[in-house]
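For reference, the structure is listed below as structure tokens.
Chain nomenclature is as follows: A, B and C, assigned in order of appearance, with residue numbering initiated at 1 for each chain independently.
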């Protein structure tokens, strides 16, 4: 259980306390992940099934690694042949899998709402690994964890100091790109304000959803204005199918208006502003290589923290006993 | 060993006693599967290779889950590029895999006879996970296990009573659909009569193989007649490539003649008759959704029992020591 | 560490002593592999990632089996979508994976040099599982191991005698086929002379690289001359895309000039000459079936030794403690 929840479908559902429960547990999990011997018997005898209807080696591997470090059995079930219109088939697949007695079903699907539909049909726990343009809750949590680490380092704490989740208050995080179609953005928007941060969104007008101010976001159409005084900038991945939009005729134009390179970073960002990206990066589009690999980038921290956060999620939902990690 | 057998190629080869050996062991295995911690060290140090030449996430996952619960290592080897005509390549692949020292090779192949060919070429145990239109022995065993559970419940035993495998005597099981091309039907026909049940088959005349009476089956061409007084109905999955047969111009026509819906079930079936389906269901074709998800359906029991039966098969063939489950 | 090396990119980099370090450890590993319970806790808590940009169930399964026997966690990451031109993407993928804290990254890539590029970018150990036409070092080591076993048996030692790696001195090994494009040949050429063997290469003139004599190889254009007095013949797999070369109009012609059948083997080979092939065999092209399956063939030994050699490689690089196998 994460607080009152048996499933993790979206961060919209979680309270500040529930979000902090996961993040705090992830601190211990990251310590396990960084040991020379990365193995604890905590979830031995538990089973995690990765049910991916969209290709994603990255997120699937992260959940699989998290499961294995906790000694759970991990089973991968990938299916290309499922469409948005086959709601019943999705539920049939999930109920069949459930009959094999997994403890957690991790599901990625192109259709928004698919994980909730499955959660309503099965007795085991369901974790969304991203559904359509809805949410990607484990990404939102790993982003928050990474930001807390950065804010802690920036506050002058030593390099080994644990992340201080109280440091979001008064911080400004900017999300840049195709916010409309981004489940990463949506999970960030449901998470960061609960932790105390201000969120600005910025991108081509056609890619900023109407009414997003209701989620507490400030909207900008100038990147320079958006990042002014910001503590962190989260660059979204632009999908190739969006290129060709009247406002974004090509990737060069996107990069010119919405990308970050070393010059813009030096001119526009405060010295302590860090840069996140959910990956995989379109190098030279959202970020120039020198920025992606530069000192402001916490992108690889995000990947590592992803495993730690997913260990915490699996631990809480698979009903591990005492936190014997 | 299953009785005298090092391999499990088909239920035609097994005696009544050998079938019962697997089913009885599966009772303990199901108890393990239903524990909160689903893990026993029984097959630690043993290796199971899934060698699938036909796509089947369902059956492959069931064997993989069974192996992992018993602490065996499971390796998946999928190959789309093998055709019926490359007999030598199949044996080469199997002998190569065998050189990596698996204890059990689970093989699915589109060609009838492929598992036997492999069994004759390797030193390890071979389990057929379905070959062409020949047999699907683990499916036949899980169907029998599920029927025994149903008959036990129907006899008034408590919900926790173990399945009584003596209850097949005098029972009638009807297999409906494309019997000719069904390895599920063939394994059922080789298994159920040995346990004491009568078997009827029913379907379009072009889909009932000539001479099937020799296997002890009664042939019907009217679904209503076939299911009269039956204790269980096993609906086969219709393959889309069979639609277009002069007798089955479309799925609606198939459904009208050979499908079950709530009305037919209420009018034609005895109150205690259960419904099986090997999955995946073509909803609205073989079964209407209300029947597939209704109280007569034991379809998800079949999936769960599949893991238990495969645990028993792997245990017997991989040479587990004392039954320390 | 293998000697001074944190990575295994190619046998060109290894000294005679470093090669022998792996081969000698593989003797104990093969003993583990042949136990009824093939499992040691040596690498428990260590993680091996298989990052394969070319399809190869065979080599991938061998590394996966090796990892599991040593109790390491194994994760498979396959990617078809990566091209030679996307050097940055490859490094991004590897650095992302590295952030998940694997101990060893096993990489196969169509581009020569890809594993070295990755090794320069990550902190974990990198093992090449074959890169373009460059090297396939674990194959070169398993070939050497298999040859040593054969030479030991041929020397009159008992069937249980461990391989004597001192027996390469004075032996002649012939590599036959498309040497130019073969990473197997290249690793053999970098390994066998260091162990004391003489190497001859033989094939169509267009498939023998210019200057190969500098690696110490003797070049032959007549198969009969090449194998005269040889102690072992290593037949390379001919790639179908090479057929059509002016010198090799079809597979029959290839087989006539460069293949081995029972008659040629009987007429041309010394009684103790063994035959190797990296697999998969094009039966009837490089080798006739009777030779591939005959008494001279050590092809399945190669497969089994491949697991043992890879166990040794993973053990040395993943930093196992005392050799408690």
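Basically, a contact is a pair of C-beta atoms (placed from the backbone, for glycine too) under 8 Å apart; a residue touches a chain by one contact, two chains touch by 3 or more.
Please read these numbers as outputs of a predicted model, since none were measured by experiment.
> Enumerate, in label order, the chains that touch subunit B and subunit C alike.
Chains in contact with subunit B as well as subunit C: A.
> Have a look at where subunit A meets subunit C and say same if over half of the interface residue numbers show up on both copies, different if under half do.
Here the answer is different, because the shared fraction of interface numbers falls below one half.
> In whole angstrom, what separates the CA-based centres of subunit A and subunit C?
Whole-Å distance between the two chain centres: 41.
> Which positions in subunit B touch two or more other chains at once?
none
> What does subunit C use to touch subunit B in their complex?
It is residues 33-39, 57-58, 61-62, 64-65, 68-69, 279-281, 283, 289, 300-301, 303-304, 307 of subunit C that touch subunit B.
> For a test of understanding, state which residues of subunit C touch subunit A in their complex under the given definition.
Residue positions touching the partner: 44-47, 49, 73, 75, 77-79, 88-89, 92-93, 95-101, 319.
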